[in-house]
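The chains carry the letters A, B, C and D, assigned in the order they are written, with residues numbered from 1 in each.
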Amino acid sequence: MAIERRALTEDELAAALRELPAWEVQDGKLHRELGFADFSEAWGFMSRAALVAEKLDHHPDWSNVWATVVIDLSTHDLGGIGTLDVEFAHRVDALAG
Amino acid sequence: MAIERRALTEDELAAALRELPAWEVQDGKLHRELGFADFSEAWGFMSRAALVAEKLDHHPDWSNVWATVVIDLSTHDLGGIGTLDVEFAHRVDALAG
Amino acid sequence: MAIERRALTEDELAAALRELPAWEVQDGKLHRELGFADFSEAWGFMSRAALVAEKLDHHPDWSNVWATVVIDLSTHDLGGIGTLDVEFAHRVDALAG
Amino acid sequence: MAIERRALTEDELAAALRELPAWEVQDGKLHRELGFADFSEAWGFMSRAALVAEKLDHHPDWSNVWATVVIDLSTHDLGGIGTLDVEFAHRVDALAG
């Protein structure tokens, strides 16, 4: 993982969001809600996203209710949205297909 | 699973809570926050709780941030806390050790 | 789960196999090998199949190497292939897409 | 992960095995069989070991039957047991408690 871990500038965040149309900034975090067919499909997604989190050593705030998964990404100690949040968001998009 | 799926009376709920000291009622749901050593341990717990959910065909509202898992249990179509929520809570307690 | 748990007759097994073209009988077990794009995709499948196993209370002999999952199904105490093996195989096929 | 990925010399392997009493060399692989209370506990372990595999980018040959998990570790392209196999084995031991 050669991703430099740092906060984004406002311009970088704006650019990142253009590449991440399913995401928005909510309460200072990258936010996406994903809908699946049922719990099983949601859980299959979460199991893969957990691998991503551990691989990046960067973990989401996330919640699940039945077939819905909500993800909020920020880098606590950097006080905002950072490079790893953007990377995580792209990987979520790849998994969500 | 021979558990009759129905709402609890107030007396039943009070009795159930006496058996579930780690849980409280919050916004009309059975609520527990669990702390683990790290994400891996939290995820191991969630992976086992997912099996319980699918086995009971009763799924939690739950969220995870790093080593913390928050669980809220209610039975939406019964308009409150039901027998399966109590069963799920006991199984969470057994998994949490 | 209203599936009666019992061994299959030879005729029933032959009929079941016609509905399960990806499966064969190997060493007295229903056998399928599944290939995925990578470990993550294989693991997402396994995480969903684990839910099926726990829900049916019927668990596979299975193995994983990177992107490959091999599943062998039999009902030990019935001494062969049973109704739950066939049900599990169909659910695997549904998950494998 | 600052672990240099390379094959072990015979002396290094012998030394590694002294630190890994639950493991033996079988068919040229580091081999351990783990027993759990039931499928749920075995699955909780596997879910955590999957995180390790993805984090190390080093994946086991493993199989599961109900409460038993068998793990075989080798580094295919190095033609034998390597540094990452030893690291993975230590992490398995830590998870198995």
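Please note the rule applied: a residue touches a chain if its C-beta (ideal position, glycine included) is under 8 Å from a C-beta of that chain, and two chains touch if they have at least 3 such contacts.
None of these values were measured; they are calculated from a predicted model.
For the pairs C-D and B-C, the count of C-beta pairs in contact is higher at C-D.
Chain centre most remote from that of chain C: A (centre = mean of CA atoms). Centre-to-centre, using mean CA coordinates, chain B is 30 Å away from chain C. Rounded to whole angstrom units, the spacing between the C-alpha centres of chain C and chain D is 26.
The set of chain D residues touching two or more other chains comprises 39-40, 43, 47, 50-52, 54.
If you check the complex, the residues on chain A that touch chain D are 47, 50-52, 54-55, 57. Residues 39-41, 43-45, 47-48, 51-52, 95 of chain C are the ones that touch chain A when the two sit in their complex. Looking at the complex, you find that chain B touches chain A at residues 39-40, 43, 47, 50, 53-54, 59-66.
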